[in-house]
Structure formats: C-alpha cells, structure tokens
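The structures come next, written out as structure tokens.
Look for subunit A in each of the two complexes below; its partner is subunit B in the first and subunit C in the second.
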Partner chain A sequence: MIETARGRAVGPAPPLRRRGPDLIRYIRTHQTRLTPVLLLAPAILTMLFVVAMPLAFSLWTSLTPYRLTRPETIETFIGLRNYIRLFQDEDFWAAFGRTILFLAIALNVEFLLGLCIALLINKITWGQRMLRTIMMFPMMFSPILVGFQFKFIFNDNIGILNNALQSLGITDQAIAWLVDGRLAMFSIIFAEVWMSTSVFAILLLAGLFAMPRDPIEAARVDGCNPWQVFRHITLPFLMPFAFIAMTIRSLDVARAYDIVAVMTDGGPAGRTELLWTMIARTGYENARMGQANAMAYISTILSIAFTYYFFTKLVAARRYMGGAE
Partner chain B sequence: MSLNAFKTMAASAALIPALLAGTAFAAGDYGSFEDYTLRVKLIGGAQYEPLYAEISKWEEATGATVEILSRKNHFELDREIKQDIAAGTLDWCVGSNHTSFAPQYGNIYVDLRDHVSGDVLAGFVPLVLEHSTVNDRLVQLPRHSDVSNLFYIKSLYQDADNQSQFAAEYGYDLAPPETWQQVSDQAKFFANPPDFFGTQFVGKDEAITGRFYEMLVAEGGQLFNDGWEPTFNSEAGVRALTWFVDLYQAGAVPAGVPNYLWDDTGLGFASGTVAMNLDWGGWSAFFNDPENSKVAGDVGLTRAPKGSAGIRTGWSGSHTFSVTETCDNKEAAASFVSFLTDYDRQMVEARKGLLPTRTQVWDDAKAEFRADGNDFLVTVFETYQASMAEDAFTPPLIPEWIEVSNVLWPQLQAAMIGDKSAKEALDEAAADARIVMEDAGYL
Partner chain C sequence: MSSISLKKVAKSYGRLEVVHGIDLDIAHNEFVVLVGPSGCGKSTTLRMIAGLEEITEGEIHIGDRLVNDLPPRKRNISMVFQNYALYPHMNVRDNLGFGLKIAGQPQEVVDERVREAAAILGISELMDRIPAELSGGQRQRVAMGRAIIRDPEAFLFDEPLSNLDAKLRVQMRTEIKKLHHKVKTTVVYVTHDQVEAMTLADRIVIMKDGHIEQVGTPMEVFNHPVNTFVASFIGSPPMNLVPATVAGGQIVLSDETRMPVPRRLASYTHDGMAVIVGIRPDDMTPVGHGIHDSGETANLSLTVELAELLGTETLIYTRLAGQEVQGKMFDPRDVHEGERLPFRVALDKLHLFDAASGRSVRAT
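Entry: the complex of A and B
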C-alpha cells in the first residue's frame, strides 16, 4: 500500500515492470516540452564536461594547498588562504597592473596599425590577394619562435638591431633593450604587435569590403573632404569590427605568456612580469597549482572586465550604425 | 619420462628466463623482451639526438619496441611529468631526468640498484652516481655531466702590449686566471664596451641562481645551515653577489646579461666579442669550429677559478634516465637505460663533446682525440675530467630547489641592475626562501 502524507492508504504500489511504459507515456505526454531539452542535452553535457567541471575543479584547487607533485594535497581545504596571501602580495598586484598596461598599449597600437594597413590594402587594385596573404605571415609563426626571433634581434651584444644602430652611427652604446625597464616592456609589446596586428587588419578589411558605397558617395556629393568621410562614415562603420577584434585580442593578450617567457621571463627583477608568466612559474615550476589557480581566478576578472567593456562598446557602435543615436 | 616429470622440467625451463629477467642486468646483456613495447619520455634537442639513433640497436637485441611519447626540452618535460603525477597517468616506463629536477618527483622512480647490476654501476664515476642519489635511492643513471670551466681567447694573453699594460695596472702578470678576483681584474682590463667585453654570465632563471650558488660556495658560504635556515645572505653571500654586481656596474660584461641564458653566452663568446666565458663542455667543439666561431683556433681553457675561500666553483648536474615505479616491465626499462648509458653509447656522445659519466670513456675518448690529432678536445676532456672528479657539487638535492631559486634570482637581478644593494636583495630573498622552507615543513 502507498500512504499519502496524511497517512491514508490509497492503493497498492505499481509493480516495477510497469514503470517503463509509464515513463514512455510521460515522455509522449510532455514531448513538446522535453524536445528542446533532449536536443540540447549533448551540448549541455559537453559544456559541463569541457567548461563547467574544469572550472569547478580549479576553483576547488584554489581553496587547497594543491601541489602537482603531491596529489594528496588536493584533499586539504584551507579556505581563502591562497586568496588572502595574494591580496597581500605586492608583486602579484604589480604584475596585474603591468598586464593592464601591456593590454592597453598593445591593443591600441594594433588597432591603429591594423586600421592603416586595412585602409591601404583596400585602396590597392592590383595584387591585393597576395598582399592579404603576406600580411598574415606573422600569424603563422608559433609565439615561441617569435619570442626567440625578437630575443636575438634585441640582444644587446650580438643582436641585429644594436649592430645596425651602431653601424649607422645612430648610437655608440650597446642598448640593453631587454633589461631597461621601459625598453624591455617596449620590446615585448613590439613583438606582440608584430605578430598580431594582422588580426585587426583582416577584420577591419572585411569591414571595409562589406561597407556600402552609397553613404560615402552621398557625403562626397555633399562636399565632405576625405578626413570628414573617414571620421563620420568609414570609422563608425568599422567600429563594430574593431570591437570584435579587440574582444578577441584582449583575451589573447591578457594571457600573453610564450613571447614574454622566452624574451625576458618577467625579468629583470620583475620589470616585465605579467600575470601569466607569474602564474605559470607558480603552477608548474614551483608546482603550487592551488596558489596558481587562485591567481588565475583573480586574473579572469581582468578578462571579464575587458570583454564586458568591449561588448558594451560593440552594442553602442551597432546602435549608432542603426541610427538610434 | 612421466608426464609429471615432463611438466616439472617444462616449468623449470620456463622459469629460467623469468629468473634471468628478474635479476639485475650485467654489462652487455640486455635480455629478451619479444613483442614488448617500452613507453618512454625523452629530452629532445639537436645535441641529444645522436644517442636516440642508437635505440634501434637495443630493439634488435631485445626484440622489444620503443615508443617515444615525448621528446621535449627539459623544462617542458618537467611540466609534463608533474602533470602526469597530478593526473595519476604515469603509464610510461623510462623518462629523461636531471640531477637538479629529480628530488621534486618524490618516489615515482625506482631505486636502480635493485635493477642494474653492481658491475654496470661500477663503471660510472662514483661522484656522479652519488649526485644521482636522492634519499639514499639511486633514482637515475647518469647519461652525461655538466660542469663549467673557463674558456678564453688565447691571443689576448699572448699580446705583449696587453701583458705590459696589465702588469703596470694591476701589479701581477697577465695569465689565465686562477681566482675569481683575477677574472674580475682581467675582465675590466679587456673590456671596451660596446665593442668588446671582459666576460659575461647567464643572468636569469635557475641559471643565475646556480652561478651565484657556486660563487657562494667558492667564497666559503652555504645556501642553508644544518637546520635548513637560509644563510645565503651571509657575508660570503654578499661577497659572491657583489662580484656579479661590480662587473655589471663597471660595464665589463654586456648590458644585457640579466636577460642572458646559455645560448646567449655561448653565441656571444663565439662572436669574438668576449674575452672569457665560463661555460660547459658541450660548447667546446662549437667554439673551435671555424664555420660557427670567430675565435676558432684561438680558444684556451682553464679550470674554473677559486673564490676567496680557496674553493673552485663547480656547480654541476647530470642528464640522466629514470625508470618509473609504475612501469609494467621494470626489467626491460632497466635494460634500456643501461643500454643508453653503456660504454659504446657514451663514446657516441663523447665524440660530440658531451661529458661522459663512465671512467673508462673519459680515458678512451681522450686517447681517440689524441690519435686523431685533436689536441683541443684532449685539453677539454682533461680539464673537465679534473673538474668532475674534484670540484663538482650539486645544489641541495631537495624538492624545493627550483622554488627557492625562483625567489632568489629576481633579487639577484635587482642587485645587479642597481634597484637594491646586494645585502638588501639577499635579505629579501632569504626571507622569501624561509617561507618556502617553512611551507615545506623544514622549519
């Protein structure tokens, strides 16, 4: 007998073998509501396994003293100790600030250079395809190779840059490109910009190709000069493309590691230390993965902030293009 | 013969190979492992490859197959091994290792004295085997060793003007240096920046930690006291760091040294713009090769100089091979690492200028070079053999070595580029190192 919450018997429990047909009947009855859930289930499961579970796992490890070489330490819960240590760690916040500076400079320079390249290539009528392909060459190199390439270009003693400057009589000094605080940051930003400007150029060029000609011709007929056409028609049309590129690149640059690790490894004396060189050293070399994951969680705030900012700007730019403003 | 007697004989016959396989391997006997696939993770790179060309000979001799799962540089391999430990995926048998890295890995590797015969082990240089031992367990078989000696441009020392000017300025004759103070004097004397520099050193990562450490020992100091309290901020430590700072501030070394690693110093000396270069033996052939080096034919070599305590610098380590505890066929794995470090294989590497770990190979390689008229390589091997036998010492063989190094080297750089005094930098590093040692349970 089955009893209700009030204790009244309502009849015998259905035999177990009848539950199968009941389930099928239930699914048939609620088919319309279940169909989307069933169809989305593979995607939801994949997201759970690929994104949610690793995120939850790494969040847990950030609350432990987890060391890669001592797997049993993952079971020791230490609360927010890793986070408290980080909030008191000046070196971490200096790296955090340096990463924001690195991001801001690299993105703006890449945008400006990418815009110039896209505008120039858009003007070309012959050999455009070949130029587009050549423009993408830097993206085809592994970041590690780019790091080694620029490490030797900027070498103060045997590097090609100092040798060229000395041969041309521009300087008689061996400039320590990778040691001086400002020059070292400049050098790694230069390498980053060299490798990735073409991302902006390609996306902005796509924007230029998609741009309708009518508004430009109408503006010219109305007497606008080339600067006014660019400022008030071309640039606003390109901004959604620019913000998409900035969103993608901000995520890339915020986790810049390979080039910096090869060229300076955060040195000298931490002058070029970024978040991910610090996180990688803590997590892998020191094997303190719990602490490294706490750093990584704080660093995701940076990525979320930049992504939110650029999406807000993207929406605003699209609204502007739609004539809402 | 009764059926039971036949079964007993058959069982005994089947047991013999099993017993043989269970015993430690003797020299030249690599066993038989038909149809077995040995999974290995090896260090990759041009200088390591000639040895791997020999692997097919072991496969032919034993009937086994070697599957190379990884062939990466040591730092990437180190990460991969740590990930394997964390994920519990140590499903391979043989891994490249290094004396500096080995203590980090806990007990994942077997004690090879249980798997390799005493005869085989007796062929190795005793000090190198000692350095390969962690917590009284021989967790690695040394493949080749690494210690540094001082290369210099000979013609600079033979030049009569240099000799007279140096003697007038410093009050003693110009000769290849015997002490680090002499290296400092001579480096300042030869330096003419930005065209020419007296010497150079690696300036970041574990590389500068190791250089500082060996100078600290040469000055009579130690990284830790007996209770594992950091003591490198002692007077000896300040003297050791001041040696680097002084040369950097004097412009006797390239301005970029805080960012230099081994390839920068090696290529710098080969470019002919540096008078003296403390480096490992693997560069010898490169320095004396006219196609790669502007100083070829003009390279001298002297033992690493002494510090003020009368001790020679001798930071040393060895590239090695280890066998995992989780290996499903430890005998095959032990056979493989024995093969890779045997006499013939070490001769292959010695001919490329890599420093052997077997006593006999040192002597026979020298004899071969002498017969070929290659006096330079004879000198190289004589110098490095003496260093490995008498001067070599490892960093403390504790798992925290790399972590301590990571708190130390940024402070060494800070002193070098003038952000802090040597004492301030070492005091800060010692405080951070103390936290590392506390966290690890030493204090």
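Entry: the complex of A and C
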C-alpha cells in the first residue's frame, strides 16, 4: 500500500454485495434487455415496410419474366436471365454511359456556377439576404414544371429562345434544340443546371460564412496573391461543403426522370435516353416489369457508387474541419 | 531584418478613429513589445504593419521602403496569430513549407528548411499530423515554425501565448526569448500581459486608447513611469496611488499623515501642489522585513486588513489615508488581521505625479 498526498491509495475494491429476491432481479435484467427492442420496434417496422419489403419484392421480380399484364408470370423463376440479357443489350449500356456523362457534366457545371454565385454573394454586403432568397426560387418548382417550361423555351417553332435568336439576327433558321441529339442533351442539362445550381450555391455560401478569417490572413502574410489564397486556402476549406452538395445531387441526378420525360422522353431516337426513362418505358409501357427491375438494380448500384465516392471524400475532408481554430 | 518606423500613423474604422497618429521607431533586430489593456489598438497597429489593415493616415516604413500601399505578401514579414491560424487541411510539414512553396523555392530547399525549423522548435515527430490532431502548445510551435522558416524582415506576434495555460505560457515565453537570440531579427510583439512585456522586451511601448503613453526599456518604464497609467499598468502587484498635497517640504495625505518630499523630487514640487503619491508594494514594508534604514525612508503605522502568503513574501493589504494599499513583507512572519504594524517607505523609490494631469512631476 502506498501513501500519497491525498490519502491512502487502497488495493482492489471489495466486491459489491447484491441484495433482494431473485425474482426482482430476473425481471429487472430481462426488462432492460427488452426495452431497446420495444423502443426501436416502430422504426424497425417502418424500415421493413418502406425499404426491405419493396426491395425484396423487386429483387424477386427481377428474377422472373414478370409482365404487368400477366400477373401469373411473377411465379416463374428464371434465375439471372434478365440480367444476362441486359449485359448483352447495347441500348441499355448506351443509356448507362449517357447517365454517367449527364451526371458528370451536370454536377461539375453546377459546382462551378454555384461556386461563382456563392463567391459573388459573399462579397456583397448590401442585399445579401434578399439575393439568398431569390437564389432559391428555382428549387421551389416541381421538376415537371421546369421540364415543361424549358420544353417551350427550346421549342423550335414557338420557343422564345429561337424567337429571340432570330429577332436579334443571330440565326435565320430555327434551331432544333430538342430534336438534334446533342442539342437535346444540352437542353436537358441546361434545365437541370438551372433548377439545381442553387443547391451548390447555398451550401458553398454556408461554407464561406463558416470560413475562419485567420488562415486567409496568414496566407496573405505568407506571400499569397488573391488567386493563391483562393486556390490553396479557400477552396480546400469549401470542398467538404461541395461534397455534401455532390452527395445530395448525385442521388438526384442519377434518378433524373421528370425533366427528361417531359422535354424529350428519351428521344430523338433514344439519344437522350437515361437509365430511368428507359426503366420506366420497359416497365410501364412495355409492361416488362421483371426486366425493368433488373435494370433498376443495376442503376441503384451506380447511384450507390457515386454517393459512396463523394461520401468518402466528405469524410476525409471533414477530418481537418475541427483544426481551423 | 530591418528597422520599422511609424510616422503619425492613424487608423479609423468609418468615422471612429482607434489609433491616433502614433510615432514609433523600431531598430534593426530589436525586440519591441506593444502592451496595453485590451482594446487599446495594439492589434490594429500590428496589422497595419503587416498590411492586413489599411493605414488611414501617416507612413510606415520597413527598412527603407514605404509600405503603405504594399499588400502583405510584398512586405516580407512573418506573423504569428493569437489563434495560430494554421492551415487546417495541411499537415504540419505543409503548413511549415507553404510560404516557401508559394515563393517558388525548389522542393529540396523547402524540405531542408522545414527540417531545420522543425528541429529548432522540437516538432519533428509531428510532421504528418494535421492541426486538428495537435494540442494548443504544439499548434503554437507550428505557428512559430511557420514564421521563422522564411527569412523575413521582421516577426510580428499578436498575443501568441494568450490561448495557452499558465504553465505553458511561461515555458513558451522563455522559448521565444531564446528563439530571438538564435534567430536574430526584428520583432514586434503584442500582448496585454505586462509580465510578458517586461520579460521579453528590449523596449516596451505602452499604449492606451490608441495613444502611446511611454516607450522605454523595461527598467525605464518600471523605474520612471511617465504617468499614473503606466505606473499602475507596469509592475505586479500594481503601484499604490494616493492623493496628497505638498506643504512645507512634506507630502500631506488626506488624513494628515506626513512624509518628507524625497530629495531628488524636491525641485519639481512647490507648496500647495496637488499630487498623487506612488509607492510600489515592494517599497513599503514592515520595519525589519525588507527595506533597511540606510536610504531615505519614512515611517508609517498601518493596520493589517488581509495578509496573502506567497511563501517567500507576504502581501499585506492595508489602508493609507482611507485608501486600500498593498505592502510586502519579505522574510515573513505570521501576521493577523487587525494587527498594527510599523511600516517603512523607501522614499528614494517614491513617485510623485501631478494630480490634475496624472503626469510624473519630473516630466512636466
């Protein structure tokens, strides 16, 4: 035993003695074991109904030749035949690649535009609140309405875009915005970017507001010109915010359906066909739900891959966020 | 490594002027400490030297260059910030080397200098950590490493130790002093802590409300404060200040306590002059516990109100002419509340200030 300044340091504590009849102890221990299960039951049930069951159902149907018009087909098990057929289907892979391209372009453009907007709004001191509110307007519309709106803007006969271009004398013939394959893709991305750039702008602006001033001043003293300060200090600090936006948006864009369905419905000749328009067509118009669900499974994996990628980036970037002070 | 000079430098935020035309010349390789209560404009002054704040009026020269319109990066100075201001997303190595990299130094040079600086500050094992993974003291070292790694004209420190705990603060203070001996360069150091100022400075600049009150070596400002503000700000515990009048070669306190006007101050005073007497606690000790009667002294009899034991000395709170004052008892014995003790005052260390202006009678 050791004597210390604060008194005597004792050896191991004597064992606590349990009291009371065994029955009470039994109930008490079992009660505590059951409580978490009971408390979590609503959540577990909800998850079962909302997520697990549809998932299991669609997985099963993707293994059958299920047609909406012939319900009994759901009972025929055909193994992976739907998937094998998909792997040989060029149209599917074209849509798959197009979806990735669409995602990549839309996210990058939205990020760059959002960054510019956030930087500009951060600079001004007057009317900042109002601009922040105005910036959110495009998010208030349903994607279907946005699709209709742009369908009319880009319409080759009556659209105001062609109308404006012709009145200004920039072109003398109608440009077939939604008919030419490339232009149609451009138009859709344009609508998508118009609608959702503010997601980036808002999150990046939040990042700019949270940005500590000190490292910026330190960098200026350390010899940086304004561009270098932005490149080496501000931008790395903003990246976690960009990754949050990308995570949200990659889920959004990967299931982009409404705008495309309204503006081109995958046309012309399938050249704006994205995964979800193709899936919807296969499932509902052609009624081949089994095949459609197989496609949906593959595109879900694509979504998860994108989300996971941005999420790991986010986690990596967040590690240093606490060290700013 | 350059001199820095401020000429009539003023700073206004909108219509509010916070620094009022200060003049200051800092010599090559000098360690100058700006000290003053919080809000007196120390940081603002330092940041004007760094180029982080516009100079509203006046001129700042670093070396022989007028720097008023130069951005910070062209001034070639290093700065250590109060909250360290490390780059949160870079590890220690990159934090240290960032300035050199921006300056376009080749990678070998950067690596070499980073190694050197890390060795000087004892942070070589931390190179791969990011700031979030460092303790306050370690961050402080990295911040200093980042400052010394370049070869700047001057170092600027803005309260670099105020976020550390007391023990670490004392330790880092010593290290900064050593560092200055090792890396000879001009330093402007801002603090609100007069002990830090006294221990570090070649010269102290005492500021108040955007004005410079006094500039001098630590001994000068301690022994010859120009006014009551400096007198009470420098030294701990602070100097006792008691109003009095001069009559017939005597200082007369409000309760008719009298002591002779010190010989060295006699020529600065005249009969009927309203003064403030300044006595440091060290210069007012119980008889036999500090001041010997060899010098010019006066005797008082005072009642102990409270005694604070500090070990080697005891701080005695008492009352002089109705005002709370402190004395010190060296080589202490036990004293108790209400005890009446004979005190001896060292007159040769006594200060007299003009009651109206607060300025030392020697200065007016």
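Here are some notes:
The definition used in the following text is that the second predicted complex is superposed on the first by the 276 of 325 C-alpha atoms of A that agree within 3 Å, B and C clash if a C-alpha of one lies under 4 Å from a C-alpha of the other, contacts with A are read in each partner's own complex, and residues count from 1 in each chain.
Definition applied: a residue touches a chain if its C-beta (ideal position, glycine included) is under 8 Å from a C-beta of that chain, and two chains touch if they have at least 3 such contacts.
For clarity, every value in this text was computed on a predicted model and none was experimentally measured.
Of the two partner chains, subunit C is the only one that A:Arg319 touches; subunit B does not reach it. By the touch criterion defined above, A:Glu75 reaches neither subunit B nor subunit C. Applying the stated contact rule after C-alpha superposition, one finds that A:Glu90 touches neither subunit B nor subunit C. In the superposition on chain A, A:Ala218 makes contact with subunit C only, not with subunit B. When both complexes are overlaid on chain A, the residue A:His232 reaches subunit C alone and has no touch with subunit B. In the superposition on chain A, no residue of subunit A contacts both subunit B and subunit C. Those residues of subunit B whose C-beta lies close enough to touch subunit A in the complex are 75, 78-79, 82-83, 85-86, 88, 104-106, 193-194, 197, 200, 203-205, 254-259, 264, 267-268, 271, 273-274, 399, 402-403, 406, 409-411, 413-414, 416-417, 419, 439. Interface residues of subunit C facing subunit A in the complex, by the touch rule stated above, are 50-52, 71-73, 77-79, 81, 83-89, 98-99, 102-103, 130-134, 146, 150. Across the interface of their complex, subunit B is touched by residues 65, 68-71, 151, 155-158, 162, 166, 172-179, 184, 263-270, 281, 284-289 of subunit A. Subunit A makes touch with subunit C in their complex at residues 212, 214-215, 217-225, 228, 232-233, 236-237, 317, 319-325.
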